[in-house]
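After this come two complexes, each holding chain A, first together with chain B and then together with chain C.
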Partner chain A sequence: MIRASLAALLSHWWRHPLQLAMLLAGLALATGLWSGVQAINAEARAAYTRAETVLGQDQLDRIVATDGRLTVARFAELRQAGWPVSPLLEGRRAGLRILGVEPLTLPRAAAVPGMPMLGSDDLGEFLAGRLVLVAPETLDRPGVAEALAGLKPQAAPDLPPMTVLADIAAAETLLGARGEVTALLIDPGRPLPGPLPSGLERRVAVADQGLARLTDSFHLNLTAFGFLAFAVGIFIVHAAIGLAFEQRRPMFRTLRALGVPARTLGGLVLAELLGFALIAGLFGVGLGYGVAAALLPDVAATLGGLYGAAVPGVLELRAGWIVAGLGMAVAGTLAAAGQGLWQVWRLPPLASATPRAWAVAAGATRRLQALCGLGLLTLAGGALGFGSGLWAGFAVLAGLLLGAALVLPGLMALVLAAAGARARARGVLSQWFWADARQQLPGLSLALMALLLALAANVGVGTMVGSFRATFTGWLDQRLASELYLTAETPAEAARLREWLEPRVLAVLPIVSTETNLLGQPGDIYGIADHATYRDHWPLLSALPEVWEAVARGEAALINEQLSRRAGLGLGAVLDLPGGALPVAGVYSDYGNPSPQAIIGLEAFGTRFPEVQVLRFALRLPATEVEALATILRAEFGLRETAIVDQAGIKAFSLRVFERTFAVTGALNTLTLAVAALAMLASLVTLSASRLPQLAPVWAMGLTQAGLAGLDLARTVMLALLTAVAALPLGLALAWVLLAVVNVEAFGWRLPMQAFPGDWLWLFAAAGLAGGLAALWPAVTLMRRRPADLLRVFANER
Partner chain B sequence: MNAKTILVGVWLGLALAGAAVAQGFADLGATVEGFALPDRDRVLEFPEDHAAHPDFRIEWWYLTANLTGDDGAEYGVQWTLFRSATAPGETEGWQSPQAWMGHAAVTTADAHHVAERLARGGVGQAGVTLNSGAAFRAWIDDWEMLSDTAPGEDALDRLALTARGDDFGYALDLTAEGPLVLQGDGGYSVKSADGQASHYYSQPFYAVSGTLDLPGGPVAVTGHAWLDREWSSQPLAEDQTGWDWFSLSFEGGEKLMGFDLRDGGEGFTSGTWIAADGTPSRLVPGALQADPLEYATVAGREVPVVWRLRLDDRAFDVTLRAVNPGAWMATLVPYWEGPVRVTGSHTGRGYLEMTGY
Partner chain C sequence: MLHVNDVRKSYPTAEGLVSVLAGVSLDLDAGQSLALTGESGSGKSTLLHLVAGLDAVDGGTISVAGTALEGLDDKGRAELRRDRIGLVFQQFNLIPSLDVGANLAFQARLAGRHDRGWSTHLAEALGLAGLLNRYPEQLSGGQQQRVAIGRALAARPALILADEPTGNLDEASGDAVMGLMLGLVAKAGASLLMVTHSERLAARLDRRLHLRAGRLSDRVQP
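For the complex of A and B:
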């Protein structure tokens, strides 16, 4: 009996392959986008974990100097006093994180797999400073081979990207930090001889969650997008399953009448759904892998650009998100089919089928939904007013989006009712058009909510990216005021260049910088000349009077907005710098830079960092002479192509980085919109089958099938456009929250919001197109329907 | 001196230099370019030769002591500092080609405590210095051999010795009661029929007092100690696979240093008979006959822990018995090293070292 019942149930799909395809496609799409996002997040988190646990950072306590200056001599003193410590030298060079370790004393817990240990063949090479370890793909990154020239880099898959593990002797040379030690790792396996000598402090091992915390917002963003896509996909599934239940009602009744117990029938339907969920889930996970693999390089670029986080561009299959993806597919299916399953369970054997019951039920809850939505909107307002931090920002976003989606059907019903009332005067057809639209609303409301979310996300993210781009280009124009930028290879060449250039250009401005720790985070300090170029153009957000004079005299420093916000340093606050603290006299915007930065006067820089050579210059000259001068410089001094960069080149490069940064957001945006359109299509297909009883009388009264189809098409486009009207303010609110709340928390800078009305036109076009495309196929079907089908409505038992 | 020590030192050098340890002892015979070689005509000078010889590949300061506790029990103590270079010479900083290895052990009848330390040269974590006042210091981490010498005495005449591991430690005062002894031919010690050799001298006359820190509590000890100093660059012939080394002190005040370098065939034995006044007599190669009598299974290997030693022309025929057969040094390069009791024609105590098992 079970077999026969199952055959009967499955025969439905055999006769409705399109429905089956829709069900599976919806589920696979939902699972795919969701697990794609999860895969990206998993890959990035794995990279952070590697970065945080390398050298046992999360397990080994370390000793640092309270004044930040540890030396090799101090290390030897401590060893002679019985401290089981091993030196660690850490620094950055050419964008690489260099870790220098001493293998003979390195605690076992700090060993990196693949690192030559005592007794291994490679140890001699490692100790001699020839062999260094690097993550496999890091070797292929531009600039890495040059930075490690003369060394033998060996691939170590357990190292985080952009990290070089070397013997401390080699690291000293790479970093130019002879005799320096960053920290001393304490061997946890050995007893300590007593209290620490003064001037030293012990740092308890904690996984440094810095990167994970910084990038949280980005991953939350992705997750939110993934969830949005999943929710939209589940709308499709809900529509397809709803239709299948609706159409199989007579079959359920017959099977029950033939003696199949409700429990058996329910179990069979459940088994059938789970089977679909697993099949579609597997497809979805495969799709997710594809999406993630395609997006990961861009995500990696984004994370690198925004946070300096090194994430590999290659995806690894991880059991975690595969299982999670399948789980989401099953959970989503059950959620979408819950109502139908319940009815099958409870269906009295002889109950007559009530057509469209599932759709009508949705309409009955509209009021409740609207109330819930208003509640959520209030909560979002509350979170905005009283909450703080990244989570509050996301709570605002979630409340705003969900609340608005829930309110939408009620709002639409009001608008349609008002329009219907006004249409009364225009004739019966117009009146029917609006009444029918209202009648359709319950069945379409889920799809319209999906469309609303997709459109609002589009507006919001589009506005944010657009504001960002506009600000960024303006800022680049200010900041890159010099016409030409030069890099010499040696101090001697730099001196010759300077001498040669000085009579030929308006100004030669030396640029010096050093990578250092600023308040515990790796950052840069720049020294700049006292020149009108900076006074006139540098993008200061706030400054004390006479700021440039104070900086030139070496009595004050400028800091970037990131450092100001993260450390809470305002104007007049004192900033700790190597060689002595300085008051902050100005804060400048520094978009796209993940690290803290400070600027001091050129002379002060030379005093504090005498070892830094002046190799770079910015040149001021009339724009028309740039090309000629560059040509002469290359010819006279044999400068490499990369040693001379003009302003336009740097701008183009910066903008390219910027565009890549937001490529992912754009891609996910488009995918979500596509899924929303598919959801509409699914809903309309579902509706069109059950709408014949409503359409047949109108047809019988003389309206042609083509006319009916046209009206249907127009109605759907009209509903989509109405949704777009609602999506616009929602999207702008979303953009405001992103710019004023989330970005400040996440990136450390705030951007002014700008509106892009041109994009809104595109939004309406996209909404209309999505609605039109979704309605096209049902309309064509209606047009081609045999009149007999319409006639049968009057004869049918239903 | 300790053939085994040579092995250990060279082995560390090989490990550091990146040669395949798995290739075994054969590599110890390999010549390494650039290092100085032992010279038969060189006259050792003191205190200068107490300090390090960085132009040679390997070197050690090797002290063993047979002690008796105030509890009446017998103890053995080892303190060793090995130097091994990947290139001749010393430079300041991490770039130094020198590496240091310390081994410390305390052996009782039923326990054997071992500790090991490793250090790079050039940074002050380990080293051997001899300042103008002839004050001698050898150290690695907080282990130290420090001279406390009055003017006119040799820098090694009075030493304060400390070391500690996770479960033991010791602090001993050493006073030399006899002269330095040049091993081999005036300090030139031949190690194979092919002429491999080292510079080698000893101070075998230390009287010792001090304290051992053991898991059961501190134990006051007294007894005698023997210091070996040796340096070389190419200590073994290609076919030599390991060795057994003996340093014995007899009740009459005489002492014997002997070694048996094993190879596929006869092996190579040599040594020095030291009179009670410190006068050395070189043993002719092959004069010393060393035969294992009983084996014990230690760390999964069969190691001879009872030996018969004979010198036919001196009516010398003794049996050595390990105080603790389990005196296995489970260090980076593992070996057996522990105190022995001597019975037979002569009675006394001493140390036995065995490598390559």
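For the complex of A and C:
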């Protein structure tokens, strides 16, 4: 019985291969986009985990010197006094992060990737300072081999990219920091012999809040997009399954009447769907891998540019996301088929065999839908008003998108009714055009919702990227007000340069900075000269009066927005700084920088950090002289290419980073739009069977098939354009939530939103194109239909 | 008015070409009515569709109100249907998205010959005056067929083609609808070619022809 029933059920798909193709394609695309995003996320997360577990920096407390200077001698002293500490020397060279450790005293809790793999010979080499460990992909990077000349680099797959793990002696040589130590790692397994000697302080291990939250936000963003794309794909699946259920109602009834129990029938249908889900899911996972592999170089660039985290640009196929992808395919199928399955389960054997038009949702359903939608929009408003945190932001987004999607059909029906009423006077065809569009609405509403979401995501992300870019350009103009930036190799060279430059340019502005701890987080303090350049251009968000005078006198500090928001420091608040606290006199925007930052006067900086040498200068000069001066500097002082940076170059570089940052979201957007177009095509093909009885009378009364096809095409394009009209405000709302809510929660700063009406034209073009492409094939089919097909509508024996 | 000369039509089927009309000829004068009878599947609808220009003949000629159909392209035949012919089907085939008023006026407005007075008269004569704002799905079968008849007559076509117009109605309402239709066709001065199964209805028309084995005869074979 089971075999016969299953054969009967499956025969439907045999007779409707297009429906099956649509079902499988929708499911595979949905799963593909979803698992592609997951793959990218998984890959990036794995890279962070590698970066974070190096030396267990997040897990181990460390001892640092309050004045920043710690030596090997001091370490030896402490060690002799019974302190369970191990030295760590950390620094940068040629773009590489150099970590020097002392394997013999290193606490066991410090996870050192690669070390356990070393054989005793290699360990000897390592201790002797000849062998260093490097991530395999880093070895191939240009410049790395030169930087490690004379050493034997060995590949350690667990190391994060661009990181070199070496014995502390080798690191000293590499960094040119003889006898210096950055910090002492404390072995958590052993007690400390007493209170810390003066001049030392214990820094408690904290997860790197900034990086964690930033990267989380990026992944959350990607996941949100993946989910949106998945939802759009599931709309197709829902349409295909719904149609298949309706068309098979007579068969279900017959099977029940022939004695197949409802449970068996339900089980068979379920098994059939799960089979499809698994097949399409596998295809989808493969597709997702392809998408991810294609996008990954961009993602790596994105993360690298935004957060300074290096992600290897290769993709590994992970079992986890294959399983997750299949799980999503099954869950999506069940969600899309739930209603139909329920009906099969409850179907009485003598149910009516006439296929009810599957999608003809009555006005009542539409009203209920619209009410649910309005409810969701209200909830989104509530989350906006009363919620807090990143998740509240995403709750607002979800409520907004879903609510708007549900309201859409009701809204469209109203608009079409109004348009129809006005069209009455313009002729019978235009009256029919609108009335017919309204009649098609129930069957198309799922696809239109999908299109709405895809378009809104497009506007939202486009606006976000555009605002980002515009703000960033303006901000760079302010921040990089000087025409040329110079970096000297040595203090002596710096002095010579300064002396030579002073009479030749308008101003030479020294820039000094040091990495330090700002309120428990690693950050930077800058010292800047008292000059009109800063007064006129610095991007202050808020400031006390006379702010620059106070900073110049060393009586106040400026802080970046990130520090201000994270630490809740407003104007006038007192900021703890090495060498004494200062009041905050101004807050400035510092986009794209995850770390806290403070600025004090140049003299005050010199007093507080006498060890920091002045090596960098900003030069003010007429823009026309920049190139000539740079040429002379290179010739006269033998300055390397990288030592001279002109402002235009920095801007171009920074913008490139931002462009790449959002290339990923752009690609996802386009794909989502394509999926929405496919959903429309699926619905139109589905509807085309029931369209004939609506079209044939019009044809019989004197319209050509080509005319009808043209009207059908125009109707779909019109519906898509109307959807775009609705998508525009929705997308702008989406962007606003992303910029003013999510971004503040995730990045610590708020981005001013800007509108880009030029992009809206592109939105309408994309919507029209999606509608037109989706409607093209059904229209051509209609045009090519043999008259006999249309005549069948009038046949008496149906 | 209507000239059908030696028309042939066959359909491809699994068993090869099956001839449905094997040389059919008939003439219909202006204002005349003709009943077409024949067994189910004898090709009555096929002939009607060919006359309406909804499908193309395999051989022979058809001319309606002086226009030869063979010479027309798709657009020309659409215009002929729109301007000269009124169609009434057994299934009514109203436009579901338009209300009764719009359905009634549809073809007349399409042809640019909407005559408010005539439309109002039709609606009243057909008992539809109170139903103009309803939609087809809200009407009974008899009401729908009356709308279809009104729609066919509204543009004052030269030729009305009706395919078993009362086949879906019970006898009483079928007779009532038929009475209305014959009266209005006469008033409009149109010719009528009507397919019917009913001897009783066929007898009410001016002439009758019987279709059998692909040919017409004016005698009913026992």
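Please note the rule applied: the second predicted complex is superposed on the first by the 554 of 798 C-alpha atoms of A that agree within 3 Å, B and C clash if a C-alpha of one lies under 4 Å from a C-alpha of the other, contacts with A are read in each partner's own complex, and residues count from 1 in each chain.
We take it that a residue touches a chain if its C-beta (ideal position, glycine included) is under 8 Å from a C-beta of that chain, and two chains touch if they have at least 3 such contacts.
What you are looking at is a predicted structure, and each value in this text was computed from that prediction instead of being measured.
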Partner chain(s) touched by A:698 [first = chain B, second = chain C, both, neither]: second
Which superposed partner A:788 touches (first chain B, second chain C, both, neither): second
Partner chain in contact with A:431 - chain B first, chain C second, else both or neither: second
Partner chain in contact with A:338 - chain B first, chain C second, else both or neither: neither
First, second, both or neither for A:167, with chain B first and chain C second: first
Partner chain in contact with A:178 - chain B first, chain C second, else both or neither: first
Shared contact residues on chain A - chain B and chain C: none
Residues of chain B that touch chain A when the two form their complex: 15-21, 86, 93-95, 99, 118-120, 123-125, 139, 141-142, 164, 166, 332
Parts of chain A lying in touch with chain C, wherever the complex brings them together: 424, 427-429, 431-432, 435-436, 438-439, 693-694, 696-707, 787-788, 790-791, 793-798
Chain A residues touching chain B - in the complex, by the definition given at the top: 72-73, 75-77, 79-82, 102, 104-105, 118-125, 127-129, 167-169, 172, 178-179, 189-191, 193
Of chain C, residues touching chain A in the complex: 11, 40, 45, 49, 52, 54-56, 74-75, 78-83, 87, 89-91, 93-98, 102, 105-107, 109-111, 151, 163-164, 167
